[in-house]
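Scrolling down, you'll hit the structures one after another.
Each of the next two complexes has chain A plus one more chain, namely chain B in the first and chain C in the second.
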Partner chain A sequence: MDGILLGILFALIAYGMALQWGVMNIINIAQGDLVILGGYIAYFMYLYGIHPAWGVIVSPIVMYFVGIGIYKLVINKVVDRDLFISILATFGISILFMQLMNFAFGADVVLANSGYGTTMLFDNSVTLPNSKIFAAVISIVFAIGLVVYMKKSKLGRAIRATAQNARAAKILGVDTEKVYAATFGINAALCGVAGALISITFTIHPYMGLPYTIRSFMIVIVAGLGNLPGVALSGMGLGVFEEFADYILGTEFRIGSVFLLLVLILVYRRFKLSKKREYLK
Partner chain B sequence: MKNNLILYAAILIFGLVAPFIFPAFKVQLSILCVLIILSITWNIQGGEMGYNSFGNILFYGLGMYLCASVQVGMFFPLAEWTESGGEKTFVHTPAQFFQGFGVGLAVAAIVPTIVAGLIGYSILGLRGHYFAICTLGLGVAAGEISGGIEIIGAGQGFTTPPFPKVGSLEARGEFFYFCSFAVLVLTFIAVKSIYSTRFKLVLNAIRDNEDKAEAMGIQTMKYKIIGWMISAFFCGLAGGIMGGLVGYIDSTDVAFDGREMGVFMVLMAILGGKGTLWGPIIGATIFHIFKEGFWTFFLGWQYVALGVLIVVIVIYFPEGLMGWLREKYPEKFGEVIDEKDRKAQVELK
Partner chain C sequence: MKIKNIIITFVSAIALLLSTSVVSFAKVVGDKIVLGAAISLTGKYSSNGVHTQNGYNMAVDRINSMGGVKVGGKTYKFDIIYYDDESNPKRAAQLAERLISQDKVEFMLGPYSSGLTKAIAPVTEKYGVPMVEANGASRSLFTKGYKYLFAVLAPANLYLDVAIETAVELNGGKGVRIAQAFEQDAFSQDVRLGILDAAERTGSKIIIDDKLPKELNDMAATLAKVKAVKPDVLVVSGHTKGALTAIRQIAEMKVDVPMLAMTHCDAAKLSKQHGKNSQYALCASQWHKTLTYKDKWFKDGMTYDADFTKEFGYAPPYQAAESSAALLVFKDAFERANSFDQKKVRDALAATDMQTFYGNIKFAPGGQNVSKPMVLFQVICDSSGKCENKVVAPLKWASAKLIHPMPKWSER
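On to the complex of A and B.
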């Protein structure tokens, strides 16, 4: 049960990653750090006595502008370049954020306590913290909202057009520069939502970013770009897998098993494709 | 050619006398040697082959753990050693220490090479960013998993055998310096001789267009695996020496330190100019001096500086120092440029 709820959160982050991967062809290593930053925003509101659930609204707004800032400073210079350059550049941002957060918020593991109780199901055999249900519901709402927005709005259409063919979109009068910035902003906002929810349901720590990046990358490569049901499903699958790995192998191997699973999935796909003499690229 | 010989001789002599001229910097110089080895080896696939790996740290950490484990395990029970305080009950005699270290280094070089060969076929079939992310995952996974294994110290770390005193002579710094310098010279000679063969041309062909290279009848997979194995060999050696030098191995902070060492080697090669022989060496030297300055004066802010540095280097110097020099003084690199053409280009700019 925990795994599925966790998976829904992962899927939200992964959707942001798929969005910018599809549109800008950039893999953002700093994705996880944006999530953690979003979490800290909610945590701060909690510290100042505001209910952390409001963080779900405030954090994406703040994160949207953070995302735009990062785009303007760094990403727009690497957008058309070699992929490796963008990976390395976002890696640099990731290290930078990690350390700045460490300075600003300290290296403690923190949790924004929402004060929600727990629900007992099936004659008390399953306990379910209400905060997790809240997180799952909110992330589903945001995911559906985003899909509708991408389908219906003008900006959503522009984003999809740019993803299909940036040059053609430009010729047809789409301001691709603006679309890129908006995409990055939306992605950061999604990370903000997910981060706020994570800080309510689990714990956050400045150095926990990279595993989230890897998880979302994994979900995207399993599900494929722009396949939302797939993203949700593989997110839940990953969540369940993690809970099992935690239970069977022990907590110290939890992160390790996630990274190992990534390697195994990539290798599996590589062998599957090599039968057709193709390769992942 | 003659100039080159003089240059090499000068560097060699400088390397041999450096620990006596700058006795206070012996450890720093040894670390510099290790950094140069790492950036040269990264350059073999990152620069020449076009396979940007974040995972070479895997071989480095593997070498580190193996060297220390063998050095201890040859004479004492390993599990008792790594229990807290165990290193105080067992003491290596000088003969045991050097014997163990020698065998440990050999193991540290050979096992990562074999590992690279074994996983090479699976991993090197990935291309572009899939390869980069996959190797990143590999490095982090290795760190996390080794942090959970009890016999090599798990989360509390592994203290390597302390350097024995021979009589009243305390030569720890010199010993590790000459070890790392010898490996550096070995690496340089090996890589230089490799770069003058057909092998390097094949690697470059893979970098420029792998499909075409394959269509020309080159067994690209074979060459890629060999290239990776060469890197792994020297990475393992460097790791083994570094383990002894630091004296303490922690799974995520020293051995599989993807956040520091794993990025450093990429950064150094890029800073100096990837795909050149001298680029990684120059890059590593500059980087090390810069880093030590920062680490000393801006304690606590080093990662912030590192993050900014990565972004700046990557955005503004993707070709590196050698690339910049090459653009500025093409004659020195044996490139002949038509004067008229050059003027036209300058005017265009």
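On to the complex of A and C.
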């Protein structure tokens, strides 16, 4: 159960990454740092006596504008360039964010207490922290909201059009510049939600962003680009697999086994692809 | 154009060289004894780095205002050159090199954390510069045969074995079943080795032995195992993050264990961040203000606590206290050596046997302090939800009685 709840949360972060990757062809290394920044917003609300759950509303709004700001300052200069350049640029942003957060918030590990209790199932043998359930529900709400938004709204359609073919979209009157900015903003907002949820369920620290980047990167790779339901599934799958690996093999093999799974999936994919290629020959 | 560039580079290089050589000063300038320290003022250790620096500064001011250091009939004052090592071991080693070869510092104070101390120790050793450090507890620091390294704190492997011994004692001398989860870093793994030793000594059994990856902030799986096998003691060490994560998830999953022992509770501000959920947790600490050690400069722990709070606006964590103690050790050694000769000071340091407000200090041949036991405190909350750390073991220093076993979650 823990695995599924954890996976849903990761899937939300991966969603943002997949969106950005698909639309702008940018792999955002700073993804995790945006998450942590979102977490700090919720944490500060908690410090000032506001319930951190409100962070899931405030944090994405703030983060949306942070995202737009980053886009205007840096990303718009690398968006049409080589993937490698965007990786470098976002890596730079990541380091900058880490240091700024460390400077502004200090290097202490912090968390926000939601005060949510625990749900017990099956005569106390399964315990579900309500904060994790809350995190999962909110993640699902936002994910569904995003899918609907992409399908129905004008901007959503523009984003999808740009993802399919930026040049054609431009010719047909889509302001791609605006679409890119909005995409980056939406991604940052999703990170903000995830961050607020993480500060409620886990802990945050200025240097803890990278694991989230890697995890979401992995989920996107496993799911394949542009495959949003796949992202949700692979997020949950990896979460469950992780918890099981931890329980059965021991914690030290937890992350290793996830990466092993990733390698296996990639090898399997290649194998399948090469079969197809032979066919073409 | 090219030649002009080369000339500019050359001239500026020389200017740079000159400027540094003008600033550089020798070990003892006039009436000042200059110590060097690379400290993490930025980067991931910056909070504890600042505690360390405040501890050093507090002691420097105190010693200077109380008459300074008397060597050869003359009075000297302490002064420290600080550099920021950015929490980066490579940078720390470079800075140590710089302090010694450019700034001509002949005595060093340690950085924060075992990792950084490990990076600096080979440098100070190479130049024969005595270093008194207060924040590197890893056992491997003391097994390399370093001659110029002295640590005022108890080594990492002693952090939690008091807990195991207490548990065995409460179990009527019979061995206990231990579940443990340690982060995979030098310090936590040393704590783990200490537990393994203690288990063997007391005939206890280790039934869960998890290693937590550094980037992990979820230990639900470990705790699920703990729930299934019901050990007598649960030991967790993973720096601040480990302590915070453990308490949060133990409370969420309602894990009942008779004893929970941890490290880094005070750095994590457990009782502040988790309130009542952290109640009954046992924490290893190098120092606590209620300990009754005494010295001339800071009087005792309570006075140190009050003075430090007045000066820096927050209560001193043990990292600050042990850093202050390092300077007391240096002062004592200089006066006994009655010289600034590095070899003589080193020998005087090795022969240190003193009491400070922080504890007794006497170095083993490896450089670690063996005469100061670790203390265990327990987080105890009153009915209004205010939590406090009370020393419960060893019994000699206890200010409260250990609550054991921890009440079940259903009864809280």
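Assume the second predicted complex is superposed on the first by the 243 of 281 C-alpha atoms of A that agree within 3 Å, B and C clash if a C-alpha of one lies under 4 Å from a C-alpha of the other, contacts with A are read in each partner's own complex, and residues count from 1 in each chain.
Rule of thumb we're sticking to: a contact is a pair of C-beta atoms (placed from the backbone, for glycine too) under 8 Å apart; a residue touches a chain by one contact, two chains touch by 3 or more.
Keep in mind it's a predicted model, so treat the numbers as computed, not measured.
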item	value
Chain B versus chain C as contact partner of A:E252, first or second or both or neither	both
Touched partner set for A:K77, first chain B, second chain C, both or neither	first
Contacts of A:L262 with chain B and chain C, given as first, second, both or neither	first
Chain B versus chain C as contact partner of A:L88, first or second or both or neither	first
Chain B versus chain C as contact partner of A:I57, first or second or both or neither	neither
Partner chain(s) touched by A:L172 [first = chain B, second = chain C, both, neither]	neither
First, second, both or neither for A:Q99, with chain B first and chain C second	both
Contacts of A:R270 with chain B and chain C, given as first, second, both or neither	first
Touched chain A residues, chain B compared with chain C	B
Partner chain(s) touched by A:S131 [first = chain B, second = chain C, both, neither]	second
Common interface residues of chain A - those touching chain B in one complex and chain C in the other	99, 102-103, 210, 250, 252, 255
Parts of chain C lying in touch with chain A, wherever the complex brings them together	42-48, 87, 181, 184, 209-213, 215-222, 224-225, 239-241, 244-245, 248-249, 251-254, 268-269, 273-275
Residues on chain A engaged by chain C in the complex (per definition of touch)	2, 6, 99, 102-103, 106-111, 113, 118, 120, 124, 127, 129, 131-132, 202-203, 205-208, 210-211, 243, 246-247, 250-252, 254-255
Footprint of chain B on chain A - complex, ascending	27, 74, 77-78, 81-85, 87-89, 91-100, 102-103, 210, 214, 217, 221, 250, 252-253, 255-257, 259-260, 262-263, 266-267, 270-271, 274, 279-281
For the chain B and chain A complex, residues of the former touching the latter	52, 122-123, 125-130, 132-134, 136-138, 140-141, 143-145, 147-148, 154-155, 259, 263, 266-267, 270, 300-301, 303-304, 306-311, 314-315, 318
